[in-house]
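Right after this note come the structures.
You will see two complexes here that share chain A, one where it goes with chain B and one where it goes with chain C.
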Partner chain A sequence: MTLEIIKPGLETSVQDWPGRYGFWNQGFPPSGPMDSWSFRLANLLVGNVVGAPALECQYIGPTLRFGAETVFAVTGADMLPTLDGAPVPLWQSVTAQPGQVLAMSFAKLGARAYLALAGGIDVEPWLGSRATFHKAGIGGVGGHALKPGQQVPLGVPAATAKAGLIVEEAARPVISTDRRWEIEVVAGPNDDWIDGEGHARFLSADWKLSGKSDRTGFRLDGPDWTFTEKALHKAPEHGSLPSNIIDQGYPLGAINLAGQTPIILVNDGPSMGGFINPYTVPQAAFWKLGQSKPGETYRFKAVSVAESQAMARSLAALCTDASILSSIV
Partner chain B sequence: MAIEIRTLTAGNVWKVLVQPGDIVAEGDVLFIMEVMKMEVPHTAPAGGKVTAVYVAADQEGLDADAPAVDLEENA
Partner chain C sequence: MIYPEPRYLPGGDRYMLVEFGNEMNLELNFMAQGLAAAILEARIAGVIETAPCFASMLVHYEPEIIGFDDLRAELSRLVAGLGPSDALELESRLFYLPAVYLDPWTRACVEDYQAKIAPKTADWDYMVELNGLRDTNDFVRVHSGTEYWVASLGFWPGLPFMMALDPRAKMTAPKYNPPRTWTPGGAIGLGGASTAIYPEQLPGGYQIFARTPVPIWDRAQRFAAFAGSICLFRPGDRVRFVPCSVEEFETIEREVADGTYQYNMVGYGKFSVALYKAWTASLGARRTS
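And then the complex of A and B:
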């Protein structure tokens, strides 16, 4: 059971969820899907466990040929998928026949689509995960994004895998159509380096997502930051900029202030460095980062740690079989 | 025949390599978009004359499938 890559799309990669956990202290990020909401639901549609290895397609989707009869599902961004030219519904499981070609186009809505295949993708785990981290050349197929001509091996499908399952409308993420997103943030770890005006400005300004954003970091354009005495008068070993600090560990989702430029450290981001992190985006809000495009606008909303944990629990509750319905085929 | 070349992805325009009146060959790069720190070159699907260019270098936040270059294909 294989999938032949005809056209790879733009950095399409194998990811699993929650990714490569437990090695952050050695510099390995978790990787995994940026929109784990859509990813988990795609797996459930095809009878897999929520975290099974599947494909993340970014901006321009791949074209693939099925080697055997395969149940698959596409969720997340709308890349106008077709199977031998016939439109494929999103958020629904579909059966492909041997030799049929699934073609995905540009992302018409959102930025990242997920293609789950019954049985998952059968590649070797590396440090316990099959997620691709291409900067280190590990995980996925040969450590990198898919390439033309590759044969991607598929696992053994569950006996329950079948076409015609559909994700309940209320359980799907709603991708912004007005180019604006509200992103939750938790203050810290270095919020005491920013003054009151700086915090008020961060939480009230429009921040534009830069084109220089990828699975390592999401760079934002917006107003300048202002700092407290702690940042302005400090020991020289911290570094010369107000946002410099003696090298420290970074949380995943940190809003890392490089000089005056905030960069959200996402799935393939660095684990440490010498800039402050005034805020952190909780993981339950990552799907919005994953589905937003360059030029779109973020407005940040402060939430507590308890609220961000409740968000993660609500999301986990949506990503269960209770959200999967049988449709009339 | 007039050919409309549209953007293949959302993103920014990095470079525009043609202007109206230019003669291009099939496969020539017309403009390059940037998304996720990667270049996405857009090539001429056929040889011909560039009749209009709707994108500019450093333009930000374009949508996918937006009109970019018009080409009058060689007869």
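And then the complex of A and C:
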């Protein structure tokens, strides 16, 4: 059972969740889907485990032909999918017949769509994961985004995989229609390098997502930062800029201050470097990063560590079979 | 300074940064690696992985299994159990890597930069000048005359940041400004006080002056020395560069291509921080070149 890639879209890649854990100390990031909420639900719709390998489609989705009868589901961004020309509903499982063509176009709402296939995608794991890490060329199909003409092998579907399942409305992420997002952040690890005014400015300003963003980092444009004495008067081995620090490990989601430019380190980000991280975006807020487009505006809202962990718990509770309903009443 | 107690700092909902001090000092890295080893041995439920760096260590944990406060309590218990850094004995493999110093490939790269991006003193001459050495031969002797300690890996997967263990071989250099757009794979460079090997052709900023034919990346996983990973090194490994000729380089390159190359790795040693510190103290005076 395979999928034939007719048009790959802008950057369509195999991802699994939570991705490649255990190799951060050798510099390998987890990779995985940027919006794991939509990703997990897509898998549940087709009878897979939440983390099974599926496709992440960025901005412009792929066009592909099914080699066999296949149950699939599309979630996340609305790329106006069609099956042999007929509209495909999002957040629902659908059966494609052999030879049918699924076509996705430019994301009308959101930025990343997820296409899950019953049985998942049957490619070789690399360091325990099938997630594509483009920068190093590992995982997925040949280490990179899909290319025209490739045949993507599918796994064996669960006996329960069937069309007509739907994600309950209340369990779906609500993608912003006004191009503004409120993103939760937790202060630290290096929050004591920023002065009181700097913190107030960060939390009250509009930050614009730059076009120079990808799966390694999301660059933000906004006001300048101001620093505490600790950043301004320090030993030379920290480096010459106020935001320089002796090379340290970076948490995924860190708001990494490269000079004056904050860069949110996302799924394929670096494991270490010599800049401070005054705030960190918790995992449960990553879906908002994944669904925002360059030019859109972020406002940051401080939450505690405990609150950010409670967010992850609520999200995990939504990503269960309890959210999957049968659409046939 | 080395903090009397490490600082335990949150990084979102699932990371903790443990900071041991705020200076560039091998001892802090020994502490970070000692704690990483202790965490592994203690098998703390909920710890997914650790990443030691120069003066700190990052811990990735699953908050549904262990909360931030409980993790901090567990780690401070382990830190107390480790005692002073002198008591640390760290697993440490030693790799011998052949390298052509002042080689034609990094030379071509530097000349390309000089011609297309910015004028600069050739990297090996710059190293001589900055570090008060006699000439490039002296530089090669000093750079290849010490073991290097893999303090951390990053920037690119598998790229080792290494510190000279022999204080007499300590050299420093600023990074390129602006950075290079490309560096030959296998190039060896120095920036700040750390030596790095570029696993592949990559942009870069370190002063470069040598190249090894031995891959530190193995996508195809053909060589046993990689022990199931794609990259050769782990924190706490040691590296020794063995100067070789262009002809030897090419021979090894062929052996690598046909899969017959034998990695020269010594795996029976432990690194004793106490013995290391006693030895460095006995050296007293600085480099005598």
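Going forward, the second predicted complex is superposed on the first by the 328 of 329 C-alpha atoms of A that agree within 3 Å, B and C clash if a C-alpha of one lies under 4 Å from a C-alpha of the other, contacts with A are read in each partner's own complex, and residues count from 1 in each chain.
Just so it is clear, contacts are C-beta pairs under 8 Å (C-beta built on N, C-alpha and C of every residue); 3 or more make two chains touch, one makes a residue touch a chain.
It should be emphasised that the depicted structure is a prediction, and the values quoted were computed from it without experimental measurement.
In the superposition on chain A, A:V156 contacts neither chain B nor chain C.
By the touch criterion defined above, A:D214 reaches chain B but does not reach chain C.
In the superposition on chain A, A:Q58 makes contact with chain B only, not with chain C. Touch criterion not met for A:A322: it reaches neither chain B nor chain C.
By the touch criterion stated above, A:G27 is placed in contact with chain C alone, chain B being left untouched. Taking chain B and chain C in turn and counting the residues of chain A each one touches, the greater count comes from C. When the two complexes are overlaid on their common chain A, residue A:A200 makes contact with neither chain B nor chain C. In the superposition on chain A, A:G273 contacts chain C only, with no contact to chain B. On the chain C side of its complex with chain A, the touching residues are 9-15, 17, 19, 22-24, 36, 48-58, 60, 63-64, 67-68, 152-159, 161, 192-193, 219, 229-231, 233-235. Residues of chain A touching chain C in their complex: 21-28, 126-127, 133, 135-138, 143, 186-190, 234-235, 237-238, 246-254, 270-273, 277, 280-284, 305-306, 308-309, 311-313, 316. Remark: chain B residues 7-12, 34-38, 40, 60-62, 64-65 touch chain A in the complex. Taken together, the chain A residues at the contact with chain B in this complex read 10-11, 58-60, 106-108, 111, 179, 208, 211-215, 293-296.
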